[in-house]
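You will see chain A twice below: alongside chain B first, and alongside chain C after that.
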Partner chain A sequence: MRVAGLSPQVIKALFSTQYANMLEYRAEIALWALSGVLPFIMLTLWSQHDGGNSLAYQGSDLSRYFLSAFLVRQFSVVWVVFSFEEDALFGRLSPYILQPLHPLWRYVASHLAEQVTRFPFAFGIALIFFLLNPASFWLPSFWQLLLAWLATFFSFTIGFLLQSLIASLCFWNERASALERLLFVPYLFLSGLLAPLIAFPSDVLKFANWTPFPYLIDFPARVLAGLPVDILSGFLSQLFWIFCLLPAVLILWRLGVRRYTAMGA
Partner chain B sequence: MCGATQLWELEMGRYLTTMRLFWSNAFGVLLEYQFNFLIEFFAMLASLIGSIFILSLFFVEGQSLGGWSWEAALVVQGFYTLLDGVTNTWLRPNLGAIVNYVREGTLDFVLLKPIDSQFWVSVRTLAPTGIPEIALGIVLILWAASKAGAEFSFGVLFVTSMMLLVSCIILYSLWFLIAATTIWFVKTWNATEVLRALLAAGRFPVVAYPPILRIIFTVLLPIAFLTTVPAEVILGQSATYTLLLGWLLALIAFFLSRIFWNFALSFYTSASS
Partner chain C sequence: MVIEVQGLSKTYRIADKEPGLLGTFNHFFNRKTYDLKAVNEVSFVIKQGEIVGFLGANGAGKTTTLKMLCGLIYPSAGFISVAGYLPQRRQVPFLKQITLVMGQKQQLIWDLPPLDSLMVNAAVYGIREPEARNRITELADMLEIGEELTRPVRKLSLGQRMKAELLAALLHRPTVLFLDEPTLGLDVNAQAKVRSFLAEYNRRTGATILLTSHYMTDITTLCSRVLLIHQGQLFHDGGLDALTERLSPYRQVRLELNKLASKSDFLGYGKLESLNGRSVCLLVERKNLTSIVSRLLSNFDIFDFEVTDPPIDELIGSLFQKGTL
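Showing the complex of A and B:
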C-alpha cells in the first residue's frame, strides 16, 4: 500500500540511507549548528540594553525567548533549493524523476535525517547556555514540549514548501537559488530571529503578521519558552500557509517537469 | 641593484596584468546573468532596510545603544554594509572556492603555476553583484557621519581610509585562515558560515556588548577593528594608539595567514593520493 508514493519500506530505506549519509558529515553539521549563534549575539545586546522595558520581555524571559528561537531555527533550517539546483545542474535529477516517488520526498528525508543528526549538537549548545546563564533554566511541560515540537515541525514544513516553490523555478532558470535571497531577507528580519516581534512597532507587526515569517520562529519560540501566545490562531495561521503553499508547489512542479531537459545527460 | 628593481617592477606588472584579466573576465560572466544582478540588488536593499529597522528598535523612547547616538550607530552599520559588500564581491567567491580546488584536486594546477598560490586563490575572480552594496555602505557612512556632526577634513578622510584598509586586511586574513583549514577538513567550508555569523556582531558598536564579549571582540576576534574603530575615526573620537594597534593587528593577521597557508600546503597530498 502506497500513499503519495510512500510505503513503510520506502520510508525506512529513504530515512536510513539519508541518516547514514548525514552521520558521515557530523563535523559539518556541528558547524552548521554553531553558525546559528545569531540569536545569542542579539540576546547579549538586548539584555545589555538599558531600555529592556520597551521590550516587554525581561531577564530570564528574554533569555528563554532567544534560546527557543535558536532551537526552533535549528530544527527548521531548510536548504532544499540548493540541493535541488545542484542535482538539476549535474543531471542527477533525471533518475529521480523516473522513480515512482516524488523527488521532493528524498529531500524531505534528508532534512529530517539532518535534524536527527543535529539534535545532540543543539542539545549541547542549550546545556552550555544554561551553564553560563543558570537563572534562565526552565523545563517545559510535556504538553508545552509537544505543542512546541508541532509548531516547529509546521515551521519546517512552511519553510520547506516556500523553498520548494523557488526550487521548482529551477526548471525555468538554472540559477533560481539566487531568488532564495529574496526569501531569506524578509525571513531574517520578520521571523523574530533578531528581535521578538513584540518589540516591533504596531504597524510593522501588523504587516509581518500578514506574511508567513512570524510563524516560522516567533510563534514556535514563544510556545517553547512558555511566553504568552495565542496558540489557536498561531496553529491556524501555520495550517493556512501550508494549505496554500502545498498545491502551489505541486502545480508548479508538474508544469516544471514538462520543461525539464535533463541537463548533463 | 638596478637589475633587481627592474625585476621587481616586472613581477608587479605581471601580477597586476593577471589580476586585471581575472576581473575583466568576472565582469563578462556577470553580463551573462543580468537578472541575478537585479535580484541581488533588491535583496541587498531589503537587507539594509531590515538592518536599519532592527537597529531602530534599540532607539525607541530616546534611548542610546551603549552610549552611541542613532546617527553614530548608523555609521557603524554603514561600515558593516561596506565590509559585507567587500566580502560578497571579493572574499566569498574566491576563498569559498578553495574547498572545490582541494576536493577536485585542481589545487595541483594552481600550485604548478608560476605565480604565488595565495595570490592566485585570493584574486581569481570577483562577484560584481556586491559592488552596489559597497557604494551604498559608503553613502550611508558619509550621510550618517555628517548628521552626527563629523567634519570631513582631508586628515580625517585619510585616516579613515587607512583604517578601512586595516579592516579589509583583518577581514581577509580571518577568512583566509578559515578557508585554508579546508586543506585538512575538505567538507568544512561552512566554517566560513560560522565566521559570517560571528562577524554579524559587527553591525553594532562594540560597547553595546557585555564586557567579556567586548574583550573577545577586540583581542580574540577583532570585530571591533572592523566596524567600530573606523566609525570612531570618522566621528573624530578615536585615540592614536588604537590606530597603531589596528595596523599592528592587521600586519600580524596578514603574516599569520601567509605562514598558515604555507604550513597547510605542506599537508596537501593532492586528490587521488
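Showing the complex of A and C:
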C-alpha cells in the first residue's frame, strides 16, 4: 500500500537510513533537545511574576502547559530551509533532482528520523521536570495522547511546509534562510512558546488566530496538557493551513526548479 | 539516435560589479547585468552505445551542456531529446534511463556506509531488495570494491568513494550516462580502474556514454569520437585523428642523421623544432609533407626517420591552457 505516493520500500529505506544517520549525530541532537528549554525559562519567569495569575493558567496548569509546549516544540522542530540551502549551494541537490522521488521527501525523512532520535532525550528532560516539580505530574489518557500526537504531527507538517515555501525561494535567492528569520519572530510571539495565547489581549489573539502560528505550539500543547481547547476547530485550522501551503509549495517548487542553475555542481 | 541536440543555447544573466566601495554602491543601487551565452547553438547526435568525449577548456560550456542534457537545467533555446524524452520535463521513465556522475560531488551519505545509500537508491528506483543485492554484487565485482561498501563514506579514500559513487549512479542500470570529470583527483591506478570499468559497462550493457574529462587518457582510451566545445560553440565533432588535424595542421618529422648538420641546412623544410646532434625534429605542413619528405630523403644522409602527429594531449592541453583556438 502506497502512502502519499511512496511505496513501503521507499518509506522503509528512507526512514531507516535517515535514522541511522541521525544516530551518528546523537550527541548533537541531545544538545539540541537541551537547547529547547525556552518554555521552562518562560515558566520560571511567569511563575515568579504574580504566580502566573495574569496568564489565565495557574499553578500546575501553567507548568503542564509549558512542559507540553516544550514537548510539542521538540517534535515539531523544522530546519529544512537550512539543509536545503546548503544542498543547493554545494550541488548536493542535483543528484536528488535527477531521481524519481521528490527531493523534499528526503528532508521529511530526516526530520522524522531526528524526532525519533530526539525522543529519549525529550522524555528524559520531561522526567527530570516531574522530579523537580512533582505537583505538575499528570498522565494523559490514551486518546489525549493520540490527539496530541496528531496535533503535533500537523504542527510539524505546517512548519515544514512553511519552511519549504521559503526554501523554494533558494531557486531565486541563494540565501533564502535569511528570510526564515522573518518567520521566526511571529513564530516566537504568536505560537504560544513565550506564553499561552489565551493570556494575550483579545485583538492580538484574534489576529494570531488568522495566522498558522497558534496551531504550531499553543493548540497541540493545550491538547496534551488537558487544558480547555476547541479540538475540532484546532484540527480544522491545522488542516486548512496544510491544504493551503501544500499546493503553494508544489507550485513554487515547480516554478523555481526551472531556474535552478545547479551551481556548485 | 539516443541523444539528439539541435541549436541548443543557454544564456545566463550575470551581474557585473566594479571593485571598491563605489563599485559596491553602484552594484547596490544601479545593478548592471549582461547576458552570457554559456552554450551557443550547439547541435549533435549520439547513437546508442557510443562513448563520446566532450572536450573544452574551463568555462567552455561542457558542464552546462551536460546539465541540460540530463534535465538538471532548462535550455534557453533549442531542442534536446534523450532516449526519446525531453530532459527538462524530468519524467520518471526518463530519469530511470539516465544518470549523471560529477567528479568530487557526491550523493552518498557522508557518515554512513555506501550500502545504506545504495539501498535507498534501489528503493527510489523501485528495485526489489534481492535484485538490488545482485546488482550491487555484480557492479562491485566490476569496480573491484567490496568491504568498503560497509565502511562509513568519510573513511574511504577518494578513489574508493568515486567507485562507490559510480555504483550508486549505475544501480538502476541507466542506458545513458553523463559523466562529468569522473576521474578528477584520482591517482593513476584509480583512474585506470574507472576507465576499464566504464569500458566494460558499455560493452556489457550497450549504454551510451557522454564523458567530459581533462585527463586526455580518459578520452583517448574510451572515446572513438569527440565533441570539442569552445566558447559555447561546437568546434569539432568527429574522431580524435580528425581533431588532431584541425588543431595542428602540422606533422612531426623526426630524423636520425648519419652526419652532423646545422640549423641553416634545414631552411625551407618547415619549422625546425629541435636539433640535438644528429637528431632533428621538424614541423611540416601536412599539405607539403610528401614533397618535403622526398626532398629530405634525397638531400640528407638519413639513418632513420619517423613521421608522427603531435600528441593529442599536448594539443588539447595547450588549448586548455590558452583558452583560445
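Methods note: the second predicted complex is superposed on the first by the 259 of 265 C-alpha atoms of A that agree within 3 Å, B and C clash if a C-alpha of one lies under 4 Å from a C-alpha of the other, contacts with A are read in each partner's own complex, and residues count from 1 in each chain.
Everything that follows uses one rule, which is that contacts are C-beta pairs under 8 Å (C-beta built on N, C-alpha and C of every residue); 3 or more make two chains touch, one makes a residue touch a chain.
The structure displayed is predicted, hence computed values, not measured ones.
In the model built by aligning both structures on chain A, chain B fits alongside chain C without clashing. In the superposed pair of complexes, A:L188 makes contact with chain B only, with no contact to chain C. Look at A:K12: by the touch rule set out above, it reaches chain C but stays clear of chain B. Of the two partner chains placed by superposition, A:E174 touches none, neither chain B nor chain C. Once the two complexes are overlaid on the shared chain, A:A20 sits against chain C while remaining clear of chain B. Touch criterion not met for A:D230: it reaches neither chain B nor chain C.
Which of chain B and chain C touches more residues of chain A is settled by the count: it is B. In the superposition on chain A, contact of A:I97 is made with chain C only, not with chain B. With both structures placed on the common chain, the touch criterion links A:E86 to neither chain B nor chain C. Superposing the two structures on chain A brings chain B to within 6 Å of chain C, judged by their nearest Cα atoms.
Overlap of the chain B and chain C interfaces on chain A: residues 25. Interface of chain B with chain A (complex): residues 33, 35-36, 39-40, 42-43, 46-47, 50-51, 53-54, 57-58, 60-61, 63, 65-66, 185, 187-188, 190-191, 193-194, 196-198, 200-201, 204, 208-210, 213.
Contacts from chain A toward chain C in the complex involve residues 7, 9-10, 12-14, 17, 20-21, 24-25, 91-92, 94-101, 258-262, 264-265.
Interface of chain A with chain B (complex): residues 25, 27-28, 31-32, 34-38, 41, 44-45, 47-51, 54, 173, 175, 178-179, 181-182, 184-186, 188-189, 194-195, 199-200, 204. By the touch rule above, chain C contacts chain A in their complex via residues 12, 67, 70-74, 88, 90, 92, 95-96, 98-100, 102, 105-107, 109, 111-112, 116-117, 119-126, 128-129, 169.
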